[in-house]
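The next part holds the structures, each set out as structure tokens.
The same chain A turns up in both complexes below, where it pairs with chain B and then with chain C.
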Partner chain A sequence: MPEALSTRAVGVRFQGLAALDRVDLTLPRGEIVGLLGPNGAGKTTLVNVLSGFQRPDAGQVLLDDHSLERAGPESLARRGVARTFQSVRLFDRLTVTENAEMGALVHGGSRTRARAVARQAIAFTGLESVADRLAGSLPYALERRVGIARALAQHPRFLLLDEPAAGMHDAECLDLVALIRRIPDAFECGVLLIEHNMSVVMATCASLHVLASGRTLATGPVDHVRNDPAVIDAYLGAA
Partner chain B sequence: MSPIQLAVDALSLGGQFALIALGIGLIFGVMRMINFAHGDLITFGAYALVVPSAADMAVPFVGAWSAWFLIPSTLGIVMLATLAGERVAFRPLRRRHADGTSLLISSFAVGYLIQSVILFVHTGRPKSVSIFPGLTRHLEIASVRVSLIDVVTILVTIALLLVVLTFLRFTRAGLHLRAASEDFSMAKLLGVRADRVIFVAFGISGLLAGVVSLLYVAKTGVLDSRMGVPLAIAGFVGTVIGGMGNLAGAVAGGLFLGIASTLLQALLPEALRPARDAFVYGLVIVILLVRPGGLFVPRNAAVRI
Partner chain C sequence: MNLRRPRLFPATGLIAVLAVLAVGSRLWGNTLVEGALTEALLYLVLVVGLSIFVGNSGVVSFGHIGFAAIGAYASAWQTCCTGFRGVFMPGLPTFLLELDMPVVTAALLAGLLAALVAAVVGIAIMRLGGIAISIALLSLLFIVKSVYENWDSVTAGQSSLVGLPLYVDLWVALAWAAGAIVVAQIYQRSAFGLKLRAVRDDEAAARACGVTPWIQRLIAFVLSAFVAGVGGALYGHYLGTLAVSIFWLDMTFVTIAMLVLGGMRSLTGAVVGTLAVTATREILRSLERGVDLGTLHWQAPQGSQEIVLALILLGILVFRPEGLVGDRELGVRKAV
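Up next, the complex of A and B:
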């Protein structure tokens, strides 16, 4: 069995409404999977379930076949599931390096070790020139990159990126695509990419998982999914 | 008054307020609670210098020991009292997810408890005690007389701020504390332990309160059960004008308040001097009207959601 982070028939209800309904998603280590769907389809809820922020009402979350019953976000972070946030949530008054150090410190260890790990993550994400700036002083696109650097400093086995390209213009998106594509090999990790920007998704992902109204509409290799009539009808056609 | 004298007075008072504001700001950062007991912990440290008694004449207790014992004992006593307050009055509320208002009320209760116990044991009459008598001398610098205790206060403040800032900047616990001050839940997600980071914040806050106890008594030589109250208010105002939750801002805010007080005291017309604090706090209101987030908050911080 390959290493993977996955859900089995996961359901989440908010006040009686199904936000997620019997969703099976598999994120294999070393691959990039795109998570698509119209607004309100349940994408962020699914990422919250995968990262322990949201306990599912039904079904299971599995980390390499181990059920993550009652595991909270801190526990999942220690076990190698890192995520970024739509709202980024950097520590604005820490420097870029210190933000990445906070990621490295999730596994304990000394400040010296954390700094070395942080430097690698910063070099990988191309943030050397702003390494000593306060995170809160950076333009938006760079902030999102720092969020990725902090998550990578956790040395995750699975990385969940929640709309990393939001608010970026085309050139920044291209840089981001190049960055994300290098992650699986460099960090031996699986990447789940939630993204509205179709060109970013098509340029990075080998397979897609499409949600609509909390249910899986289609899943599989990109070419297969993009030609699925249900997907074209519900999402791609409208885009 | 010569400019040098004025500068020494201003920096001495400002330094003291900066230490208090930092002590309050550290706890506000991790707890989102204003610890109004901070001033009474300063009072507590000051009273630890004398033998508990209702007699008019204060008999030195810790205050009679040599500086090598007096200083660490006083600092230790105030730190222990601060940590005990956290354990008894704040941690149980935190465990039950009490909101900031309940914690604030609890801090008032701790403060009044300390005041009442002191009132009960020592009576309400102010007492006098002399520690470090050598410090009450005056120095002659370029034919200007400045009091030694003010110079020492400035030096101690600078040294202590450097120590605390070095700790915050270069240690793992310091980084955790700063991160938790900004976004506690994000810090917890990244492995920061809530109890430990709060313990560290209260410990440093207690250390700072203890230092202020010593500096204050060394300068004034007077003990009073309510002596800490105006100090806590000054420190609190310092943290507010520095921007709540911003530690460097708290230091700057406290410094600013002390300097403004001293300058107004010296520069206001004689007849208006008794109303100095009205001017100081009027100025604070104006600052908050113009910069509600505090003087030292980066402009872009306000618009981020």
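Up next, the complex of A and C:
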């Protein structure tokens, strides 16, 4: 079996509302999978489940063959699952370098070693010019990049990006696409990308997983999903 | 924080400034000033101890003076009142009654006892959220006070304990303050310090980096209780007498005022705040004693010390909520 992070029939309920219902998602290592769906579809909840922030009410979370639905975020982070947040969540009073250092420290070791790893992540994401600035003082588009740098400094096997392009204009989006496309090879990791901008999705993802109201609407290679009548009706048709 | 600066900066710079002040006050020969500076340095040990936890975790602690009390009495148990220890504190175990511990070892062991208590209560308290921790720590101060006041046989709690060796002078205070600053600096620059500041800024994001928030808070809490415990021990040997009421809300308020006034998150802030508040208190104290202006004798009303200090703190919180120096450190360009 290839290395993968996946869910099996995962369900999450919030006060009776099914945020996720029997969702099977597979993120193979080395691939970029797009996670699509209208607002409220359950995308962030699924990322929370995969990263240990949300314990599912039903189903399994599998990292390779290990069942991890009871593991907390700290434990999943140490096992190689990194994420960004839709609301960014940087360490505002730490510098950009220190933010990335925090990612590198997930595997223990000294600050000296962590700083070296952090510098690589900062170079990879093109943040050298702001490396010594406080994270809280950065413009929005750069903040999102710092979030990615911090996650990459963890040298994750699986990276979950929750709307990394939100609020970016076209040029910034293009830069981001180029950055994300380089990740699987450079870090030997799988990327789950939540994104509304269809041109970003089409330019980066090999396969897609579409959610609507907590259920899987379609899943598979981009061309297959793009032509699925249910998807066209419910989601893509409107976009 | 700029990592390219010398390894022990700003600690070395701060210690140099304090040493210059100490030598200056001795050369000046003004005993009032020298006494005030000695007291400031002793408070600095407490404030630096407090800042290890508060500055890095962002959680205000109203309980650290409880650790100072624990440290002060622990040192008294080991060194107090030669020959009369059993008379004042008949409840002490025999090995303590016969002990003749060197004062430095006694201070370190006193700090260790405070750290041990912090470790035990911290396992529960550090799992709480921010404001709940502050409230729990205030309760801890109340508990320590009740226990020590009523545990008469080892604390002479209803009266005062007299006859502690008076070994703390300006230089002893300076040495321990320097030690506290170095400890705080090393912690602040360690991976532990960085992780706790990350927890302070965003707990969820810190967890996503593999950090368990309460464990990081606990590490800082134990270390800061150790320093506060040593600070309490020194204070006892500066006064020569101990009463539980010394380690109470006054001292809690003054130490927090020192930290907040200078800048909660910076070591330089702790030093500046401690010196500024001590100077203010000394001036107000002498005004309370009265001043002669030519033929006129004017005396500030009793209690002006506390009121003016509270007003200054209020002013700082309103107009300069980050404190006098904010996040800056001595000799370090501010990151923006």
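Heads up, the rule we're going with is that the second predicted complex is superposed on the first by the 238 of 239 C-alpha atoms of A that agree within 3 Å, B and C clash if a C-alpha of one lies under 4 Å from a C-alpha of the other, contacts with A are read in each partner's own complex, and residues count from 1 in each chain.
Operating definition for what follows: a residue touches a chain if its C-beta (ideal position, glycine included) is under 8 Å from a C-beta of that chain, and two chains touch if they have at least 3 such contacts.
Source: prediction; values computed, not measured.
Chemist: Assess the superposed three-chain arrangement around chain A: do chain B and chain C clash, or do they fit?
Modeler: After superposition on chain A, chain B vs chain C: clash.
Chemist: Decide which partner touches more residues of chain A, taking chain B and chain C as the two options.
Modeler: If we count touched residues of chain A for both partners, the winner is C.
Chemist: Does chain B (first) or chain C (second) touch A:Q15, or do both, or does neither?
Modeler: After superposing on A, A:Q15 lies clear of both chain B and chain C.
Chemist: Have a look at where A:N39 lands relative to chain B and chain C in the superposition and call it first, second, both or neither.
Modeler: Neither partner.
Chemist: Mind working out whether A:L94 is in touch with chain B, chain C, both or neither, as first, second, both or neither?
Modeler: Once the two structures are laid over each other on A, A:L94 reaches both partners.
Chemist: If you stack the two complexes on chain A, which partner ends up touching A:P73: first (chain B), second (chain C), both, or neither?
Modeler: A:P73 contacts both chain B and chain C.
Chemist: If I apply the document's touch criterion, which positions on chain A are contacted by chain B in one structure and by chain C in the other?
Modeler: Residues 73-74, 77-78, 89, 91-94, 98, 101-103, 105-107, 110-111, 114, 134, 137, 154 of chain A touch both chain B and chain C.
Chemist: Once bound in the complex, which stretches of chain A touch chain B?
Modeler: Residue list for chain A touching chain B: 73-74, 77-78, 87, 89, 91-94, 98, 101-103, 105-108, 110-111, 114, 134, 136-137, 154.
Chemist: For the complex, give me every residue of chain B touching chain A.
Modeler: Residues of chain B touching chain A: 170-172, 175-176, 178-179, 182-183, 186-191, 246, 298, 300-301, 304-305.
Chemist: Which positions of chain C touch chain A when the two form their complex?
Modeler: Touching chain A: residues 1-3, 189-191, 194-195, 197-198, 200-202, 204-212, 265, 327, 335-336 of chain C.
Chemist: For the complex, which residues does chain A have touching chain C?
Modeler: Of all residues in chain A, those touching chain C are 51, 53, 72-74, 77-78, 82-83, 85, 89-95, 97-98, 101-103, 105-107, 110-111, 114-115, 132-134, 137, 150-151, 154.
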